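Read from first to last, the chains carry the letters A, B, C and D; within each, the first residue is number 1.
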Amino acid sequence: MQKLLEEIATTAATNPDKGRVATYIPELAGTDPNQFGIAAAMADGRVFSAGDADVPFSIQSVSKVFALALALGRVGDAMWTRVGREPSGLSFDSVLLLERENGIPRNPFINAGALVTTDTYLAGSSPREALGELLRFIRAAADDDGIHINEKVARSELATAHRNYSLAHYLASFGNMQASIDKVLGTYCHQCGVEMTCRQLAMAGRFLVDGDKMPALVSAERRRRINALMMTCGHYDGSGDFAFRVGMPGKSGVGGGILVVSPGRASIAVWSPGLNPYGNSKLGTEAMEAFARKTGWSVFGVPQGHEQVT
Amino acid sequence: MQKLLEEIATTAATNPDKGRVATYIPELAGTDPNQFGIAAAMADGRVFSAGDADVPFSIQSVSKVFALALALGRVGDAMWTRVGREPSGLSFDSVLLLERENGIPRNPFINAGALVTTDTYLAGSSPREALGELLRFIRAAADDDGIHINEKVARSELATAHRNYSLAHYLASFGNMQASIDKVLGTYCHQCGVEMTCRQLAMAGRFLVDGDKMPALVSAERRRRINALMMTCGHYDGSGDFAFRVGMPGKSGVGGGILVVSPGRASIAVWSPGLNPYGNSKLGTEAMEAFARKTGWSVFGVPQGHEQVT
Amino acid sequence: MQKLLEEIATTAATNPDKGRVATYIPELAGTDPNQFGIAAAMADGRVFSAGDADVPFSIQSVSKVFALALALGRVGDAMWTRVGREPSGLSFDSVLLLERENGIPRNPFINAGALVTTDTYLAGSSPREALGELLRFIRAAADDDGIHINEKVARSELATAHRNYSLAHYLASFGNMQASIDKVLGTYCHQCGVEMTCRQLAMAGRFLVDGDKMPALVSAERRRRINALMMTCGHYDGSGDFAFRVGMPGKSGVGGGILVVSPGRASIAVWSPGLNPYGNSKLGTEAMEAFARKTGWSVFGVPQGHEQVT
Amino acid sequence: MQKLLEEIATTAATNPDKGRVATYIPELAGTDPNQFGIAAAMADGRVFSAGDADVPFSIQSVSKVFALALALGRVGDAMWTRVGREPSGLSFDSVLLLERENGIPRNPFINAGALVTTDTYLAGSSPREALGELLRFIRAAADDDGIHINEKVARSELATAHRNYSLAHYLASFGNMQASIDKVLGTYCHQCGVEMTCRQLAMAGRFLVDGDKMPALVSAERRRRINALMMTCGHYDGSGDFAFRVGMPGKSGVGGGILVVSPGRASIAVWSPGLNPYGNSKLGTEAMEAFARKTGWSVFGVPQGHEQVT
């Protein structure tokens, strides 16, 4: 596995097309696109990594996975009355389907749905308390108290969050927001501003991997269901393509990070800031495609045998 | 496994809500909703079944899986220039996204995409030849020469195919149809009219299961990719829900059949004519949910261990 | 004319179906639907009225006409780089087309376009100054210093303005908002809260009527163009129907008021709080249809002759 | 008037930007863009013309006006149960709104609506009979038996009519087509293939002008209503702009012709084959804008006085 990750990091380093760094969050616009890191936390407890796996980055939308787990922990299946479970077929901040469907976002991984998720785990508490709880969840998952929120990024994001404000007010107009818009947006932007290294993110993703040595933060059934949502909705309107090419549940963020789960085997984190046209990490996606090919870990192929790669 | 299938068949038989039989194909409108069959063809060669597993039914859109395999065999990845790989987020015969995307259907499992698939495997040949080839593929997959097309159903379908004619002409207006519209529609409606029993369909689905005893009709990589498409797009705008609840790749048809693949383990076919609001078999979906829960075969959970069910 | 207005008022009074009063602005929800007023300010200076023509009501979206004139006075045709001139084909607060067209609202009479209008006349000034200027414009047009803003209605509207906040943030995300969202929304809701009687509104509409005795607040060309916009876009997705049935430029408001212009002849105001399914005054629309039939003032018929009605 | 038309023709001749000739109908693609004709048939019986006013051209969608009058003559207001009266806000052959509105086209001047119109006047008769009746109507309106259909253009159009076939089948899938699709399309393409000169078209448009010397083919009320539809829907998604700039009811065709009505005054026809981005004649639109400015005939300005231009 170590050798595989190093090969992948080397291939990425020599790829001349790094994709384009997102510019709409001013604080992130200056990130160096020549960075690439990858880490894998195995079900047996071992952790491997290569490249810039210890450089912290903004996890952005990858945070939606942790937020969803937290919100489901709060209200359980009642959440599904406020948000759907279907791929949206449209870009991450589209309002089109929201209008067709009376304010029920398609799924919790597009922005509208994630705002409902944030509103759900906010419940009656203050943003500070809610974010504290989110951090505790992530730190417990990663077994690492060093994970924190980058306040500067969060504020930079909040200052340019017109599209998300628009979605939140739109949801509110259908009665699908409970806390005040400002609270929800403040919390949401801080959630997106969580910073981790690949190694930390791979560790934090272990709660989605079945296994005795994995942190038991959610039930096996919920684990499977979150993985299913990551598979069908984790990459916006590029979800089908990721499933086709990689074949593992994954959630990407505009900061260039991707968290991928190999059920029963490992949690993998990859990061490179340049994005492809879908808004997902270009080198990260390509790396995961190579990873899946080499390991045979696509959930759509043989479920046993190939994993001698380790 | 035999016991499990029988339990599931019994539960289905006592469920008072059978869903609603589709009425838009006159020839199918009169089907008795009180029928339920299930069959599983295992990777080790054994076959189990329960209920009305030997009653033939119209596979309808399940045929899109075989048609896709055939078309990919013809033109390979060139096919992806004419059709996408993303869930549509909309109902099976919607034109909305087609307009947004210049005549490239979202995926090969919505009707517009399936028309492109049919046009692809038609290529230069006559409908008769093309359908002959499709039947040969299905019979080889199922190891059963008794599989045929119900001519009456095909004609009934063709006579009421205005929406599909509309989609085909729409595609043609973007240059995304090669054969004549009448040929494509005639072939497509006959393809939908293929008739099988649950046992035959489970057998025919084995080409999507990795295993030494399975028919090697497509490469391992293509197998994984077709499974990925079934997972993200196999149930129209209910695909996310099926992934969430069942967690296995599946393709449904309006005749009430569903083909489900457990990679490396089995091909499962279930059938009951009453549909849920998404247009997928109601009892069939519920049966597969129970099946997944009992077997632990969700691809999103543990990849080994649970399968002692057999 | 006096006789005609009285006949129309009598017919309205006896109509059992008054339409439904809008409920989404709490302060207006309690309005008595049994009210009906009509007034006509003629090009020769005479004014006629009947029914509840001296009861003040909330002009709501009728204010968009005055706001547009004011904004055009500020920036001239430069305004048309920020807003279009086409009917939207969709309801008044839809975001669908906004997404298709990169944040350029279809026309200044749907809410998104009106927010751009407000942002335009706000320019660098404070909401208080801008609203003062708007009131001066309306008072000058109506030759009546008694016209004011109902502060309670404005605040009630602001408190439930999620949909409009959503549109404003959406526009801002495309760079099509200059002032702060809060300023624009505050100003917009106060603009909608202008209160007039039918008599006052008919007087205020005279600046859109060509004639020596009419207030010359805009050029003849601008007058024609505003009238054209009222014809094609003045009644949301009921604009075509109003043109078909009435044949005069008109602008409706959710408070039940309609301002109608007969070019060269008169400005007519009608009011009744109950709405039809398009969100336009039900009795008001029917009254204007009868008015047009009796007077022959449709712009699509003979331009001279019939007006002996006076 | 003669002098005005000649000035306008001269201006057009010297304009370097002629727009782009439509290429999707092969038979029309080769038309010389340097042609420009204009003609006006006055309410008092006089006819003026300038430029290439005697060159026949394909009226294409201008035919929708005559077809609508014929269909209304057949079934009266019952027609409005099958087609709406609202501007579509979208391009002429869009299916988007058709899907939203269950197969009821927005208005009779977009293609979907015109197909319903054709189906309506076809009724039980053969295409030959129906087209004969349409030609009789047009010839009576123009007082000219020399008007005919260009068979070559009609066939060229039919051979590339995929989008219109798509719309017709779509309508049929909602039960909004009565005759067979092939009959409707054949009739529709021949209707579009009617050929006239500007002089003939101006004459034919007189039935929409109120006046003693005008042909009385429809009632005054129907005349006004057809004019209203031309104003709000006559130029597809450029209708608002035409109303804004010209201020008279008009209907354009992709062949470069525009029929404009000045109620009570004149019927005007202008033709130049190059189109603007909306698909309307570029020089024709500009000519009508100049014409409206010079004559003051916008229906949105003074209804009397200016017409001394004659």
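We adopt the following convention: a contact is a pair of C-beta atoms (placed from the backbone, for glycine too) under 8 Å apart; a residue touches a chain by one contact, two chains touch by 3 or more.
Every value quoted in this text rests on a predicted model; they were computed, and no experiment measured them.
Q: With a step meaning a move to a chain it touches, how many steps does the shortest path from chain B to chain D take?
A: The least step count works out to 1.
Q: As a test of understanding: of all chains, whose mean C-alpha position lies farthest from that of chain C?
A: B
Q: Looking only at C-beta pairs in contact, point me to the busier pair out of A-B and A-C.
A: Pair with more contacting C-beta pairs, A-B versus A-C: A-B.
Q: In whole angstrom, what separates the CA-based centres of chain A and chain D?
A: That pair's centroid distance is 55 Å.
Q: Between chain A and chain B, tell me the centre distance in angstrom, where each centre is the average of that chain's C-alpha atoms.
A: 31
Q: When the centre of a chain is set as the mean of its C-alpha atoms, what distance in Å lies between chain A and chain C?
A: 48
Q: Quick one: which residues in chain B touch 2 or more of the other chains?
A: Where chain B is concerned, no single residue meets two or more other chains.
Q: Over in the complex, which chain B residues touch chain A? Could you list them?
A: Per the touch definition, chain B meets chain A at residues 84-90, 97, 106-107, 210, 220, 223-225, 227-229, 231-233, 237-241, 243-244, 247, 249, 263-265, 298-304.
Q: Can you list the chain C residues touching chain A in their complex?
A: Within the complex, chain C contacts chain A at residues 94-96, 99, 162-163, 165-170, 172-173, 181.
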